[in-house]
Amino acid sequence: MDLFEYQAKRLFGAHGIPVKLGEVARTPDEARAAAERIGCPVVVKAQVLTGGRGKAGGVKLAATPDDAAEKARTILGLDIKGHTVKLVLVDPAVDIATEIYVAITLDRAARRALIMASAEGGMDIEQVAVEKPEAIVRVHIDPAVGLQPYQLRQLAFGIGLPAPHHAAFADLVTRLHNVFEAADATLAEVNPLILTTAGEMLALDGKVTVDASALYRQGALAADRYDGDLTDAERAARDAGLNYVDLDGSIGCLVNGAGLAMASMDVIKLFGGEPANFLDIGGGAQADKVEKALRIILADARVKAVLINIFGGITRGDEVARGIVAALGNIATDVPFVVRIVGTNAEAAQTILADAKLHSGATLAEAAQKAVQLAAERGAA
Amino acid sequence: MDLFEYQAKRLFGAHGIPVKLGEVARTPDEARAAAERIGCPVVVKAQVLTGGRGKAGGVKLAATPDDAAEKARTILGLDIKGHTVKLVLVDPAVDIATEIYVAITLDRAARRALIMASAEGGMDIEQVAVEKPEAIVRVHIDPAVGLQPYQLRQLAFGIGLPAPHHAAFADLVTRLHNVFEAADATLAEVNPLILTTAGEMLALDGKVTVDASALYRQGALAADRYDGDLTDAERAARDAGLNYVDLDGSIGCLVNGAGLAMASMDVIKLFGGEPANFLDIGGGAQADKVEKALRIILADARVKAVLINIFGGITRGDEVARGIVAALGNIATDVPFVVRIVGTNAEAAQTILADAKLHSGATLAEAAQKAVQLAAERGAA
Amino acid sequence: MSIYVDASSRVLVQGITGREGAFHTGHMVKSGTNVVAGVTPGKGGQALEGDLAGVPMFNTVRDAVKATGADVSCIFVPAKFAADAVLEAADAGIAVIVTITEGVPVHDMIRVTNSVRSRGITMIGPNCPGMITPGGAKVGIIPANICTPGPVGVVSRSGTLTYEVLHALTSRGIGQTTAVGIGGDPVQGTKFVDVLARFQADPATELIVMIGEIGGTDEEAAAAFVAANVTKPVVGFIAGQTAPPGKTMGHAGAIISGGKGTAAEKIRALQAAGIAVARHPDEIAEIVAGQLGR
Amino acid sequence: MSIYVDASSRVLVQGITGREGAFHTGHMVKSGTNVVAGVTPGKGGQALEGDLAGVPMFNTVRDAVKATGADVSCIFVPAKFAADAVLEAADAGIAVIVTITEGVPVHDMIRVTNSVRSRGITMIGPNCPGMITPGGAKVGIIPANICTPGPVGVVSRSGTLTYEVLHALTSRGIGQTTAVGIGGDPVQGTKFVDVLARFQADPATELIVMIGEIGGTDEEAAAAFVAANVTKPVVGFIAGQTAPPGKTMGHAGAIISGGKGTAAEKIRALQAAGIAVARHPDEIAEIVAGQLGR
């Protein structure tokens, strides 16, 4: 779960990291009022859960409250990489002397948290990693002993930070690590971390990703969860307990298991089709869940065919079949279904589905090919 | 550094461990007033840094405030294993249904904290360990992961604690572990941990030992340090930065290094003498420190001879010699000195000491034998 | 043959009285696995019924190991208790710990995987289907009826996709030494390289099937390991070629982030290491059959 | 011969610019030890003088190891920074870490010793005089002029008492393979058993001297180890036969508490393991000379 900049900086502030956090505005008028309270100049910043907002025109300096309102007007509603800007953050402007990058991230390969710092702050760190890898200093945190003072020195000396700023930097990184731990984060990034012309250290922008599996113990963060970027289908799927991702194609997929669901999408693509979604009904789904899943798939007008691929294990084929029959009975649709059910209770499933007008395939490849063909017949691109 | 029961229980309370802590009294009148405020019956308990106070008559139940004053009168001034009672704790009396033992201690061999619990609370745990070792449940804490819930279950099931008390017990042990960590403790013991007849869990008595090396970061505990059990000599030695322990013999010892100091005492004993003290001047001591050490030794009227054994390394023989000469010049004494100085600058030391009236020995054994003989000549037991 | 467990393994189940735990332990017993104990705190000494009748119950893993000599544990406890359960098993001397539980916080697994691995203990999972040595032992939830003993080692980050492949192999009469599902979370106790090393060392394994998916760099690490250390033929597959970046595809670890972890780069890495990569799951069994000369 | 360090060891000193660090490093250099680097944060690149002239300075151990290939570290930093210094050395790939610093909190050493030992790193100390391989390398503060190469391995919890014994051995013409002071704190990186195992494995060591003291049970563990694993003659001594219970005798670890850790029981354990126990320090060299047939 990604946090907005304003949520990340609020979290930073709560852990004692120096931030100058302004106010969030939903309208130009709110932005003007915020700018008046904060005092100009201010920076108006799009709040979107994606990068590259600067280049997209999502960050602007405003000299007066009216100017802030005007800048908010141009930013609100912008589309940045598919994300519509619904919020801006109005922050006090600061004089930047130096920009630093510092982030704590999960290094999956090392099974550890990794702190990365660079004197090349403000830039896209992945670009730095490619063009100037030696400019990034890395330290891994051993969970058996935690973050140690020597690691803070490695970072500070490594990025060539002048000695007078070492203590403030060590304190900030320690607190950022506290955020990382306390928030069950898989990313806690400050970019840029700045030194003002007055020598003050500030976290100017922040990015935090919280482990979705840990939300049960992240009360406040979980309550603040933003789902405005979810499609209606994704929201409905989440409520139904389904793993679902909206895609652009024409073939709806219903599969049990994430790996098999991805593989089913891949096979559709391999035979020239385009999947309309990723949908994993999970293990042991009952008929009603299958019906809900089909409702979500069929609500998408672009769907020209449905591929149902079930490998019964915990999931019982007869339950899935019952869900299909219920969906066909309750939802008016002429979209063709290709159904492949193997494994646990597959025979019972065939019996239940005997009277339904369905297509089938012995193998995944065969079923996928059939679905692609049916979708094409119905005018899929 | 050992804490008194009242200090330990105050610390427990600060960490959320259930205690019923009364008041400390220095006089019978204070005990009466405390009992009035607390409400009788109360228990009047000697506050001494040693065990076995119960058997020594240091714990008594009082039915009325006057009774509390009377009991305090009998307890204050008691000598318990060489410790004079100067304080009593007046605690509210409670109805005990069950007594449990739980302690966290440092297991040196395992390099880990060890939690021990037993249903045989109230007893001397070392006695339980000998007579009924299977009654003690042990779990080690892996510092890489800390105390885990399963370990609390091992303890609770292991001592046969009824299920309804598991949650309270787990909470208490977790907090006791917090005390152990936060206070840099090498021992945090609750004995007995009780269940009252009303089913309440309470830490009735507590014992905490704090690592002396960690006092620099234990502000409040260090400030509360009690040194009333130190002899004048021990206090003077501590102020001078000397490792000194008062003993009962007649031969004063001045040695550099703790192991060599112990060995020197042992050799004295081997040849029939009794050391008057353990004294390690540490590494690299200067002349003034040596003089201070000799002042402390000579202030003890029982001292009939002094053995000085120096193996120069960091410590320079000439500095020690200068300290001896200064002491002989400034302190009026007719106690004979046996001086053995080898190693760094030993020749310079001989030169400095050439005119002093001293005895010597080539080896430690020889020097010790000489000291024993001289002490015996001067009437040592 | 077996690489982690066999017919002599003494299997303990943590969370045996839960819905999933009871159901799958029943299947483990029915498939011939030597289930020697169950642990559910507070239920020590209780009698189990049905397929589990006769399996003694304990309050702690320490008690269970002491009484039964269990050396393998299968964990079905809820996610918030999973870290504790793994550490309890490790502390009690269990040598192979299989954690089926999904939705375990990543921070818990950072602590736990580092701890158990530093002690030389094998931990499989979390969020995995476990493993099966056909004819030997099944520890987890892989259906036994789609497996048969034979020369192919299978290792996978996925569940049902693996079943699909096992089913296809078995249907063609190609059996398996062991199939291991290492799980789809970002931080796993066992990675591809660990299992590949075991299969390489196992004389009964003639060919290895490796099923990866998007996210992370474990497939790339596996490819490098194969190039350097594996002399047996390896057949690979990567799921998620059509997955969009930035979206978690069911498994917490299956996500392309910052342009990293794509199927395309993983497939390139496997091919560069000389691994035959199937274009779709059905093709895996075809390639295996060809390589085994059947 | 050497058991931890030798003439090829590349020694780094952490806290080289402190009073103790500078003084003792000077002696290390003068005794022929290959001191390749010093570390003091903030003083990287500075030039050292006197005996230390030419030893390059670094801000971090990582930098020092990268530039100089240091593989042994000697730590003189103040007690409150000692844990961090050991972990820094371990993380930078140092194989042998000798911590001279005394007064280090026990809780710090619980964390640190478990961490470095689990990584297979040798840590000696804290609160120890370090070690010397006469004619090879000196890492710590044991005076080189009282040592000479020869067949006796010495291991001790004490400092000056060890010097006394080394001096007596050398005076009799009996040299040492290596002398190791493991330190007098309750939690040590290396215990008697670790060093005994090294001496047993070292072909140059013909006889072992082991100097213990009151407190803890390491001498008892050592006795059991000797009985089971050591075929070379061992001569022992235990300091503190006259120490009263409950009092810390200079070393934080030298305390008889709860009736445990007495000299009498340690001596009994050593003798039961067939170890010749000297009654006083002077006797150690006598017994050694007798056993070596000199």
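The letters A, B, C and D name the chains in turn, as written, and every chain counts its residues from 1.
As a working rule, a residue touches a chain if its C-beta (ideal position, glycine included) is under 8 Å from a C-beta of that chain, and two chains touch if they have at least 3 such contacts.
None of the values given here were measured: they were computed from a predicted structure.
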Comparison of A-D and B-D by number of C-beta pairs in contact, larger one: B-D
Most remote chain, CA-based centroid, reference being chain B: A
Length of the line joining the C-alpha centres of chain B and chain C, rounded to whole Å: 54
Where chain C and chain D are represented by their mean Cα positions, the distance between them in whole Å: 46
Chain centre separation in whole Å, for chain D relative to chain B (CA means): 27
For chain A, residues contacting two or more additional chains: 142-145
Sequence positions of chain D contacting 2 or more other chains: 111, 114-115, 118
Contact footprint of chain D on chain A as seen in their complex: 142, 144-145, 148-151, 153-154, 157, 163
Residue ranges of chain B in contact with chain D within the complex: 50, 106, 108-109, 111-113, 126, 142-144, 181, 184, 186, 211-214, 216-217, 243, 245, 247, 255-263, 265-270, 275, 278, 280, 283, 311, 313-315, 342-344, 363-365, 368
In the complex, chain A residues that touch chain B: 143-145
Touching residues (chain side chain C, partner chain B) in the complex: 41-42, 44, 59-63, 81, 84-85, 87-88, 91, 111-112, 114-115, 118
Chain C residues within the chain A interface of the complex: 23-24, 79-80, 103-107, 109-111, 113-115, 117-118, 141-143, 146, 156-164, 167, 184, 186-187, 211, 213-214, 216-218, 221, 237, 239-244, 246-254, 258-259, 263, 279-283
